[in-house]
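Paired with chain B in one complex and with chain C in the other, chain A is shared by the two complexes that follow.
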Partner chain A sequence: MSELHVNVFAMTYTADVSGVCSTMYELGGMTVLHDPSGCNSTYTTHDEPRWYNTKSLMYISGLDEMTAIMGDDSVLVRDVKKAAEDLSPRFITLCGSAIPHLIAFDYKGTAHLIEKATGIPVIPVATDGLKLYTSGIGLALREWMKRFADFSLPHEKDTVNLLGVTPIDFSRMEIVEEMKKALEERGFTVNCCAAMGDSFEKLQEICKASVNLVVSSAGMQPAKMLSAKAGIPFVVGTPIGAAFTDQVAQCLREAQADGKSRYAYDASRFQEKEEGEVLVVGEKCASCSLAQAVDGALGREAAFVLSPDVRDGLDEDALVEKMKKADIVIGDPLLRYGIRDPHTKFIALPHEGYSGRIYRKQIPVFTGDAFDVVTFLEGGRPGGSA
Partner chain B sequence: MKEFQLIKDVPYEYNADKGLHYSSPCRGMWNIVHYGTLVPGGHQIYVCSTSCLRGVVLTTAEMGAVDKLSTITVAEDNILDGDMEEQVLHGTEKIIESLPQRPRMVMIFISCMHHFMAVNYQRVYKLLRKEYPDIDFVDCYMDPIMRRKSPVMPNIRRQVLRPLQPGAQDMRQVSFVGDCFPMDPETCDLKKHLEENGIRILDLTEMKDYDEMKQMEHSCVNFTFHSEAEKAGKDLELRLGQKWLPMRESYVYDEIEEDMAKACQALGIPAPSKEENELQRDLTEQAAAHCREVLDGTPLAVDSTAVDRPLEFALYLLNHGFEVEAVLVEAITEDEGVFRALQKKKPDLKVYSSLGWNMRIVDRSFDGKIVGIGQKSAYFHDTPYFVNEVENAGMYGFSGIRKMFSLIEEAAGEKKDMETLIQHKGWGCSACE
Partner chain C sequence: MYRIAIYGKGGIGKSTVTTAISCALSQKGYRVLQVGCDPKADSTLYLHGGERMTSILDILKKKKDLATLDDLVEEGYNGILCAESGGPVPGLGCAGRGIAAAFEALDEREAFSILKPDIVLYDVLGDVVCGGFAMPIREGYADQVYIVTSGENMAIYAAANIATAVANFRERGYATLGGVILNRRNVPDEKEKVETLCQDIQSKIVADLPRDNHIADAEEQKKPVMGLFPDCPYAQAVRGLADYIIQNGVDREDEE
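What follows is the complex of A and B.
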C-alpha cells in the first residue's frame, strides 16, 4: 500500500491553489478556483496578507455534486462569463482542487471555451490541490509567461530576475526589497520580481534579464522554462546574510558568463546529512541557503536540512527523528511540537506558507546583508522585524 | 449583477449560492473544527487533500488546540492505488497510538474525494470500533460538494451527538443541542425559567467531561435555538425517542410565548403567567424605545451571521420605528409571510449577498454613521460601530431581544477596531492575536 501521510501534530504547508492565487494577485487578472468551497477562504484567511487592503479578483466556482457528476463544464463557463462581464479583468486564470482532478476536468479546453465566450485571455493552470504551494506558483508563473512575456527582448548584462517571490515565502515587501538591495549593491540591476511588487507590464519584460535568481523552489519551473525558451541561465539560492549573498552574486556572474545554471549551495550535502548541530526545517531553497549561511558563519559543516516534498509534504516521522539529532532547530514556531528533547534549542523563523498569519508580525527580515546569522543563532534579532 | 438589490425586486427563491463566490474577510462564523473542539475528550482526524487540510489545521493552531486535531493527507498515490480505506484505517490507528492520552471520541472527517472514490468508510469505522471498544468513533464530513443537500455545519452538530444511545428519560433533565455558545439565564428566557423550576440543563458548550455529555441520553426534551441545530434535534428524536422542541428565534411576541408554553407543557411545569408575559412584553418595548432614542435615527444593517432570522429582525426593527438600511443574506430561508411583509414595509430595503462576485469591488463607504448588527454588516459598510457576535450568541426570547438592544446601544456609542475583530476566526474562540 502507498504512504499513510499521517500528521499527528504537524501542520500542512499551503497548497498549489494558494500558490496560483498568490502569484496572480497583483497582475490585474481574475483568478477562478474550481472547487466546491473552502479553498478560497483558506487562502484569503491564512495565506494572503494583502486580502483586506488590496482588492484583487479571487473567486471560487462553488462546484456542486450534480455539476461534478454530470461533468457539466458549461456551468463554469457561464458563471465566469457573467462575472467577467461585470469586472472586465485583464486576463483570467483557471485553477482547481482535488475534485476537478478526480473527474479529469479539462483545464485547457474549458479555458479555451471561456476565452471564446468572453474575449478575455484565459490561462489554464492545472493544479490539483494535492501538491504544495511551490508547485502552484511555479505553474502559474510558467503559464503566465508563456502567454504574456515578450521573448524577443534582448538580454541586458548584469540584469537579474527574482523568481518564485510571493508573500507565502516572503511575507512583506520589506523582505523582498532587502534582496533587491543586496543584489544592486553587488552590481546587478533587478529587472523583475516574479510576482510581488511588480506590474503586469514589468513582468512582460522578464526576458530582458541576463540571469535568473531562483529564491524559492517555487521559482524552479519558470527558471527552467526561461532557460529552455529564452536561453537565460539561472542560479538557485536565497540571498541570506552578507557572506552567502556574496556567493550568490558570484554564481550569478559565472552563470551569466558561461550560460550554465547552477546552485549557490550544496543541496545534497544538507539534505542527505542525518544529524548535525543545526537543523533547518522549511522550504528547500531558503532552508539550504540558510544552512549554507550558518556553515559559513560558524566556519564548519554544522547545518543540515529537512524540507517538505512537493507531493507528500513534510514527513512527520522524519521530522521528529531529525529534530532528535540536532542541538539547534530552526523553523516555524508551530514545528516546536515535534521536539522531544527538552535540551534542544529552538529558534523560530516563522513561515507564512506553514503557520499562515499566526506569526506574521514576528517574521524577521531574513534576506540581504542586514541579516546577521550569528546574532540569529544566538536568539537575537538578526535584522529587525516588523 | 449589482452588489445589492432592492427587496421589492428580490424573488422569494433568492439564493446567492450560484455563480462565482467571493470570500469576505469576515471570519467570525464557526466552522466544523471549532464545533468539534467542543467535545470534551474528543479528537478530530481530517482525511483530505492538502488544500482542504490547510484551513482546518490552522483553525486549530489559531485556537491553540493543535493537540485536538490530526490529519491524514490524501495524495496522488492513495488515489491511484485505491487504498483510501486502508489509509483511513491504519492512519487512524497510528494517530491513536501516538496520542499522549486516549481520546474518548474520535471524529473522522472524510472529504468530497471519498464520495467520488466510493470509499467504504463505514466499514473502516466498524473495524475501528471493534479494535478500540473504549473509543466512540463518529463519522464526520468535510464535504462541501454535498452542501446543497447536506451542508457541513448542521451535519457536525448532529454527528457529535451520534454516540448517544437510548436511555431512561429523566423528566427533570433536558438538553440544549446544536449551539455554539452557552445560553445565559439573564439573556435566555427558557434557561432562566427551567432553572427556576429545578430542571437540569445539559449543554455541550458548557461541558468539561465526556461522561457528562453521555448523560444527555437521559434528557427527556432537546431544545434547539438555531436553524443549523435542527438536524441534531430531529436526529435525537428519531434515534433516542427524545422529544425535540425547536425554540424559534422569533421577534413575534406571541410566538415566543407559544414556544415557552410548549416547552413547559412538555416538562409538566407551569408556563410563565399572563402577568409575567405582559411584564416581559412591556420591558422589551421599553428597551426598544430606549434603543431607538439612543440611536436617534442612525440607520442599522443586519446580517445573517449575527441572527438566524435577519429578515424578521429587520421587520421588527422597522415596525418599531428604527431605520434599517440593509440586510445581508446568502439565501432567503425565512417564512414567505415575513419576506412579503418586509417588501411592503420598506420596498427600498437593500439586500446584499456577501458571496456575490461584485462584493469584491463594492464601494464599502457609507455616507454618515451606520450601526452594523454582525460582522458582515460592519465590513460592507466600513463602520466601526457594530455588534460583534455570531449566531445570536446566548440570547433567546424577550430577554434575548433586550440584550440585543443593549448590544446595539453599546455598538452605537463606541468605535471598535473592525479590521482586527472581524478577521479573528471563530468569534468566541481563542482566536489568534
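What follows is the complex of A and C.
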C-alpha cells in the first residue's frame, strides 16, 4: 500500500448506490441492489432520510459466494420475478455494490432477462459502490429519462426543470419549495423537480421545459443528456440568497435565448482558488453557489471551495491545512473537529449524505430569497430550520 | 460505426487476423480502432514496429483518474488507433475484471464519440471464461462476433464453445455470430472439418485464409504483413474478409 489514510473526525460521503435509491424512492418502482446484504446494506436504512416515514420498494439481492463465482444470474432473475409478482411495481431498477462490480456483473444483459421474465420495464444502473452519491443520482435519472421521458413534447418558454434534487442534498421539501418559489417570483414556471416531490407522470413531461437548472452535481448527467437528446440547454447553480438567485435567473433567460449551457457561478475561479477568507466544504454545485453568494454579500472575492470525493478520498491532514487558510469555515458539523486555530470561525451547514440524520434539525433553509448570507456568516439562522 | 469482436482458441492467429483486417480497412480509408483484450497486451504489436504499447491498466495504475484518452489510445501503422486493455501479472489478480475496468476507462473518457472510429475491432483472448471476457460482446460494444479457427480439433472445440456462449447470451441483447474465419494450418480435411463445425453452430465460413510464410517474414521485420507484402495470398484473402465484414456489418451510432 503506497498511501495510508487515517480518518479521525472526517466521514466519507454516501456512495452512488444510495443516490440511486434516493432518486427512485418516490417514483413507484422497485429498486434492487445486487449485493450480499448483511452489515453492508445501509444504503437505505442509514443513508435515506425518508426510510422511517415513507414506504418504498427497496430490496437487496442477497448475492452469495457460489452465485458470484458461478456467475449464476438466474438466481437474481428468479428472485426479482417472484418479488415483482407479489408487488407489481411499475418498473424495476437494478443497481449494485462493489462486489458485482468486481465480478464484472452484466447489468444491461441481466436487465433484459428480468424484463423478459416479468414483462416489467427494467432500468440497469451500473453503480459500483465506489463513487459519490451524485454519480448514482445522475446515472439513475439519466437512465430513467431515457426510458420513460416523452421527448416529443414541445418546449414551453420560461419553463424550467430542477435537476439533481434528492433529500441527500436538500433534506426537506421546504428547502426545495424555496427554490421553486424564488424562480417563480422571477417569472419562471417550475415544470419538474427531479426527483423529489414529483410523480412518475409529472417527470415524464420533463421535456416541456425550455431550460434546465442543475442544482446539485447530481443533475449534470441528466442535464447533458437532455441537452444532447432534447436540445434543452442547462444552467449550473443552486439558488442561494436573493442576489445569487437573480444571477441564476439571468443565466436561465440567456440560456433559453441562445441555447447555450452555462454556469451561474464562476466555475473556473472556484476550481483554481486555493485560499481565502471563507472556505465552503461540500457538494460542488451548492458549495460554489454559496461561495459566489458569499462573495456577493461581502463585495469581494473572499470564498473558496473544497469538494471531497468518495473515490479519491480526502486526507484529513490536507483538509486541516485547507481549513487553516480560512478565517471562516462552512461545512458539515463533523468537520468542526478539523479546526486547529481557535480564531477560525466554524459555521455548520449539515449534509445528510455526510453525517446522516444526526444534525437534521440544524439544517437551515439554505435556498431561495429567505436565505440571508450576511446573517448566516454571522452565525444566525437565515431562513429558519426545522 | 461497425463494432466487431474476434474470438478463437489461444495461439490460433487472432491478433494476426485482427491486425490484418485493421490494415485492410485502414487502407480502404476507414478510421479503425483496434482494442486488444488480453493481459499480454500484444494484439497491436506489429502496428507499432514490434514495440509493445503501454496497456490501459498499466496507465490507470500509474496515473489513475488523471489518465487522458490520449494516454490510453495510440496511433499506429497507417493511422490505426490502438488500445491494449492489459491485465495482471500471470497467476495473480483478475484478468476478466481488468478487461471490464479498461472498457469502463474508455467509456468514461467518451472514447467512441471523441475518436469517431468507423470500425472498432476487439481482439479477445481465447475462451469466454468469465464475465470480463464477455465484455466485448455485451450491449454497447461489439455487434458481431467472428470466430477464428483452423481444422485442428482443439481449435474447433474452442470455436464451438464460443459459439455456444454467443448463442446463450442472445437473450441479453449481446452480439450475434457473424461467421467463422478459417485460418489454415494445413491439417488433413481442414475445410471439411470446419464446415461440419459451421453446420453444428449454424454459421458459415466467411474467409479461407491460407497458411502463408509471408506472415512470419513480416513479423521478423516487425511490420504488419498487409503493409510489407500487400499482394501475398494471405493479404488478398484478408481484403476479401474485410469487405465481407463491412458488407454484412451493422453500422450503428454510439448510444451515449
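By our rule, the second predicted complex is superposed on the first by the 367 of 386 C-alpha atoms of A that agree within 3 Å, B and C clash if a C-alpha of one lies under 4 Å from a C-alpha of the other, contacts with A are read in each partner's own complex, and residues count from 1 in each chain.
The rule we apply is simple: contacts are C-beta pairs under 8 Å (C-beta built on N, C-alpha and C of every residue); 3 or more make two chains touch, one makes a residue touch a chain.
The shown structure was predicted, so the numbers you read here are calculated from the model rather than taken from an experiment.
Novice: Looking at the overlay, what does A:Met11 touch: chain B (first), chain C (second), both, or neither?
Specialist: A:Met11: touches chain B, not chain C.
Novice: Under the stated touch criterion, which partner chain does A:Leu102 make contact with: chain B (first), chain C (second), both, or neither?
Specialist: Both partners.
Novice: With the two structures laid over each other on chain A, which partner does A:Leu113 touch: chain B (first), chain C (second), both, or neither?
Specialist: Second partner only, chain C.
Novice: After superposing on the shared chain, does chain C or chain B touch more chain A residues?
Specialist: More residues of chain A are touched by B.
Novice: Of the two partner chains, chain B (first) and chain C (second), which one does A:Asp79 touch, if any: first, second, both, or neither?
Specialist: In the superposition, A:Asp79 touches chain B alone.
Novice: Considering only the contact definition stated at the top, list the common interface residues of chain A for chain B and chain C.
Specialist: Common to the two interfaces on chain A: residues 102-103, 311-312.
Novice: Okay, in this complex, where on chain C does chain A touch?
Specialist: Touching chain A from chain C are residues 65, 94, 96-97, 99-100, 130-132, 134-135, 138-140, 169, 171-174.
Novice: Over in the complex, which chain A residues touch chain B? Could you list them?
Specialist: 1-9, 11-18, 32, 35-42, 44-47, 51-52, 55-66, 68, 79-80, 82-83, 86-87, 97-99, 102-103, 128-132, 311-313, 334, 337, 355-358
Novice: Enumerate the contact residues on chain A facing chain C in the complex.
Specialist: 71, 102-106, 108-110, 112-113, 116, 311-312
Novice: Which residues, counting only chain B, touch chain A once they are in their complex?
Specialist: Those residues of chain B that touch chain A are 1, 17-23, 25, 27, 48-55, 57-58, 61-62, 66-67, 70-81, 83, 86-87, 90-91, 94-95, 98-99, 111-113, 115-117, 142, 144-149, 357-358, 360-361, 419, 423, 425, 432.
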